[in-house]
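Two complexes, one shared chain (chain A), two partners (chain B, chain C).
Our next item is the complex of A and B:
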C-alpha cells in the first residue's frame, strides 16, 4: 500500500502564561491509502492536536509546530504550503468531522447551504447544482427526506443526524483523507454504532483513508486497520489492530485494554482503572512518561526515554521491557514482553 | 408568526396608555403656564382668567386628560396652544426633514460600523484593531455639540467648503445643494452610533471566532472573508439589531442639539420650542409619536431576531403555540 500521509518528527508546542509546553513530542507515523488508522489515548494526550495540525488548524497565536517537523501529503510537505494551496487542500483533499456536531455547525446557516459551501469553495459550480449535490450527500449519509432537511437549521436535527450532516459535509468533495475527531463521543451507544458503520462503508466505497481519533477502544475495534496509542504527546505503540489487541507490547496499551468494560466474564468484578494521572502538559519528562503509573517500572524507565522496538511487521512499542538487557526478574512481569499472555 | 405579531401589537396599547398618563401629568405639574404667552402688562386678572378659561387650563387634571384622550381616540391630536394650528399638521411638516437627516446618518453609521467591527474583531490586538478602537473611544466620548461646532469652524469658516445652516440654500433647488447641507450634521450624528456599533460588533466577533463552527469553516477551506461575512456576521448582528431598534425612535424625534446648531428645520427644534413655551398639546403629540416609534422599533427588532437567528423563531413559535 502507498503512503498517503507521512508524519515525521511532529512536535507541537503551545504558549501559555507558564511558558511553552509541548503537546506533541516527536511523533512520527504514516497513513496508508485506503486504511483506517485509529489514534487512541486519554484526554489531553495530544491526539486532537496531532489531527488538527493535518488541517492547519493549530491557532497561530499560541501554537507552533517545530521547524524539524514534516507532514508529507502525497510526498509534499503541507507545512510549507502557500495560503492558496492550503485552501485547496482543506476540505477538498482532507475533510474533518468534529466531536460536537452542534457546536461545529453554524447555528444560523441552513444545513444544505453549509454542505454546499464546501463544494462552492473548491469548485466552480452554480448555487443550484451545489444544493443538489448537498442533498445527494445528505441522502448518502442516510438522512431521510434530504430535500426538506437541507432547508433546516442544525437545531432542528437530532444529535445523530447532525453528525451525519457533518459527515456529508466532509465527504462532499470526496477527500482522500477523512479525519474524525472523536466523532461518536457525544452520541449514545446505538447511534455510535450507526455512525461508525456509515463511516466504514463510505471509506470503503470512496477508497479514502480514515484517521480516527478516540479514547474509546471499543468504538474503533470494528473499523480500524491499524492503531496508534498515544500517551503524553508521544506514540507509545503502533501496529495492526490485531497485533495491538492480541499481542500487546506496551504496558499502557495493556492497561487501556483492561479498562474496557466487557459484557461477559466481568460479572461482580471491579472495572480496572489505571492508577494516577497522566503527566501535566508542562512537566519536563526525563524518562518514559508512563513510568510513574507503570506496574512494571524499572530504574532505567525513570532515567532515560525508551527507544522504539519493532516486533511483528510494522508493530512498534517504546518500552524498556523489550530491551534484551532489561532485568525483568525483579518485577512480576516475566512473559517475554507479551503482556496479554500474562493471565 | 402572525399570532405573535398580533399579540405584540395588542401589547402596545396599554404601554401607550400608561406613557400618555405619565407624560400628561409631568407636563401638567411642570412649572410655567402657556397662558403667559398671551399676557400683556396692561391686562387685569380677569382678562388673564378669561384666557386661561379659553385655553381649557382651569379644568382639573382628570378632565383635561380625558378631553385630550377623547380627541386622540378620534384621531385628533388637538391644536397647538401657541399658534392654534393643528399639532398633527405641524408634525407632518417637520417630520420629513428629520427622517431624511436621521435616516442618512443611521445608514452611514451601519455602513461604517460593520466592516470596522469585523476587521477590528478579527485582527484583535493588532495595530488596525487598536486604531479602530481608539476611533471608537473618541467617537463615544466626544461631545456632539463641540464636534459640530468644530466641524463648522473647519469646513465652513476656514475651508469655506460646506454650508453651516439649514436644509437648502434659499433660491437654489438642486440635489447637490441638499447633500452639501446634510454632510456635516449627518457625520456628527453618525459618529457616536458608528463608534457604539463598532464596539458591539467587535466584541461579538471576538466571541464568535472562538466558536467551533469557525474551525469547521476553516477545515472546509473557507477563506477569511467568507468566514467573516458568511458565518460570523449573521451570528453577531443580534445586539446591533437591538440597538438599531432603539435608534428608530431617534429617526422621528431628531436631535435637539444638532438640529439647533445646524439650523435643521426638524422635529428636534419643534419639540424644543414646544417645551419652552409649555405648549401642552404639542409636547404630548411629540411624546406620543416618540413612544409609538420606540415600540415599533423594538417590535421590528424582535421580528428581525428570528430572521437572523432561526433558533429564536422556534422559541417564539413554541411560546405562542
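Our next item is the complex of A and C:
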C-alpha cells in the first residue's frame, strides 16, 4: 500500500499565560491509502490537535507547529502550501467530521446549501447542479426524503441526522482522506452503530483513507485496520489493530484495555483501574510520560525517554520494558493473547 | 403488577409510576409512563436507556425529587408523597444522590470540607465541630482522597477527584440508598474504572443500595445485579443482569446489546449487528407500543394496544406482544 500522508516529528505547542506548552511532542506516523487508522487516547492527550494540524486548523495566534515538523501529503509538505493550494486541499482532498455537529453546522443556512457550498468552492458547477448533488449526497448518507431535508435548517434535524449531514458534506467532493474527530461520541449507541456502519461502507466504496479519533476502544475494534495510542502528546504504541488488541506491548494500552468493562466480560469483576491522573498539558516531562502511573515502572523510566521498539511488522511501542536489559519476569502484558477473555 | 418481586427486604417499591410534563397548553410529555419496579436492600438496580428515554426523570421521581403524576413510590413500605415534616427530612438523610456532572453539581465557592459537612450539619449528625471534622476526614479517606484536601477549593480538583468528593458528600449522612445518575459518563476511561471500583467497594463496606442510571450497557452489566431497560418512558425489559444480557427477549434490548461495540477486533468485525432504522420518536404518542415504529417484528396489535409486562422466567419481565 502507498503512503497517502506521512507525519514526521510533529510538534505543536500552545501559548497561555504560563508560557508555552507542548500539546503534541514529536509524533510521527503514516496514513496509507484506503486504510482506517484510529488515534486513541484520553481527553487532553493531543489526538484532536494532531488531526487538526492535518487541515491547518491550529490557530495561528497562540498555537505553533515546530519548524522541524513535516506533514507530507502525497510527498508534498502541506505546511509549506500556498494559500491557493490550501484551498484546493481542504475540503476537496481532505474532509473532516466534527464531534459536535450542531456547533459545526451553520444554524442560519439550509442544510442543502451548506453541503452545496463545499462543491461550489471547489468545482465549477452551477447552483442548481450543486444542489442536486447535495441531495444525492444526503441520500447516500442515509437521510430519508433528502429533497425536503435539504431545505431545512440544522435545528430541525436530530443528532444522528446532523452527523449524517456532516458526513454528506465531508464526502461530497470525494476526498482521499477523511478525518473523523469523535464522530459518534455525542450519539446514542443505536445511532452510533448506524453511523459507524455508514462510514465503513463509504470508506470501502470510495477507497478513501480514514483517520478516526476516538477514546472508545470498542468503536476502534469495529473499523480500524491500524491504530495509534496516544498519551500525554506522544504516541506510545502503534501498529495493526489486531496486533495491539491481542499482543499489547505498552503498559498503558494494556491498562486501558483492561479498564473498560465489556459486554462479554463477567459481572462484578473488579476493573483494573489505572491509578492517578494523566499529566497536565503544561507539565514538564522527563522520561516516560506514563511512568508515574505505570505498574512496571523502573528507575530508567523516570530518567530517560524510552526509544521505539519494533515487534511485528509495523508494530512499535515506546517502553523501556522491551530493552534487552530490562527485568521482565513479572510483566503480564508481554504474553499478549486475547485480553477480553482474560480474567 | 409484579407480584413476584415483593419481599421483606424491598427498600424501594415503585408501582405504576407516571410523570407527565405539560408542554404548552395542549400537549403533555409522558416522560415516565406506568413504570413499576422494586429495589431490594443491598442490591444494585441498573436503569438503562438512550438519552431522552426518561431514565433520569424516573429515578428522580421515584425518590420524591419530582412530584409524581400518578402511581405510588414506597420507601421501606411508606409512601414518599405522604411523608411530611420530620419524616420527609429523615428521608433526605436516608436517600442521597450522586450526580452526573461533577463540574456543575458542586458549589465552586465552597471548600471541600464545607461541601461534605453541609449534610452533616443539616441533619445534626455531629455533636460538635470536632466530630464533624472527624467525619469529613474519614469520608475523604473512604473515597480515596487525602485528608489534607479538605481545606482546598473545588476548582483545584480534576473530574475524577470531584466525583469522589460528590460521593463523599452523599455518603457523609450515612444513607441507605444512593441514586447514582450517570456517575461516570463525564469521566475519562481510566478514571471511570477507578470510580466504579470505589462505588463497588463502598457498597460492600457500608451495605448500600444503588439505583444506578446509565446509558453504557457494558458498565451496567459489570456493575448491576438487576437491570431495567427503558424506552420512551416505559420499562420494556427487566430482570437479573446475567439473564437479561444472556437472553435478551425484547427486540429493543436485543438491538441495544448488539449496537454496543466490543473492544475485540475479531469479535467486533465478525459480528452481525441489528441496525435499527430511524431514531426514537417523541413521548407524546398514544397508548401503543412505543417501539413499534422501529421494531423489525411489528404487527398490527403493536400499533393498537400497549403491551403489558409479562414474567417469562422467574424475575425476568418483558413488555412485548411478540413474546
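What we mean here is this: the second predicted complex is superposed on the first by the 324 of 343 C-alpha atoms of A that agree within 3 Å, B and C clash if a C-alpha of one lies under 4 Å from a C-alpha of the other, contacts with A are read in each partner's own complex, and residues count from 1 in each chain.
The rule is simple: a contact is a pair of C-beta atoms (placed from the backbone, for glycine too) under 8 Å apart; a residue touches a chain by one contact, two chains touch by 3 or more.
Source: prediction; values computed, not measured.
Q: Here chain A is shared; do chain B and chain C fit on it together or clash?
A: fit
Q: Regarding the shared-chain residue A:55, is it in contact with chain B (first), chain C (second), both, or neither?
A: After superposition on chain A, A:55 lies in contact with chain B alone.
Q: Rounded to the nearest 10 degrees, how wide is the angle at the Cα centre of chain A between the Cα centres of chain B and chain C?
A: Here the answer is 80 degrees.
Q: Could you tell me if A:91 is touching chain B, chain C, both of them or neither one (first, second, both, neither)?
A: First partner only, chain B.
Q: A:242 in the overlay: touching chain B, chain C, both, or neither? Say first, second, both or neither.
A: In the superposition, A:242 touches chain C alone.
Q: With the two structures laid over each other on chain A, which partner does A:220 touch: chain B (first), chain C (second), both, or neither?
A: A:220 sits against chain C, while chain B stays out of touch.
Q: A:155 in the overlay: touching chain B, chain C, both, or neither? Say first, second, both or neither.
A: Touch partner of A:155: chain B, not chain C.
Q: What is the contact status of A:145 with respect to chain B (first) and chain C (second): first, second, both, or neither?
A: Neither chain B nor chain C is touched by A:145.
Q: Counting touched residues of chain A, say whether chain B or chain C comes out ahead.
A: The partner with more contacted residues on chain A is C.
Q: Between chain B and chain C, what is the tightest CA to CA spacing in Å in the combined model?
A: Closest C-alpha pair between chain B and chain C: 7 Å.
Q: In their shared complex, at which residues does chain B touch chain A?
A: Contacts found on chain B: 211-213, 215-223, 226, 230-231, 234-235, 308-311, 314.
Q: Can you list the chain C residues touching chain A in their complex?
A: 50-51, 158, 160, 188-194, 196-197, 200, 215, 217-219, 221-225, 241-242, 245, 255-269, 273, 275-276, 279
Q: What part of chain A is in contact with chain C in the complex they form?
A: Those in contact with chain C are residues 42-43, 158, 160-161, 188-194, 196-197, 215-222, 224, 241-242, 245, 255-257, 259-265, 267-275, 277-278, 338-340.
Q: So in the complex, which bits of chain A are touching chain B?
A: Residues 55-57, 86-92, 95-96, 98, 100, 103-109, 117-118, 121-122, 153, 155-156, 166, 169-170.
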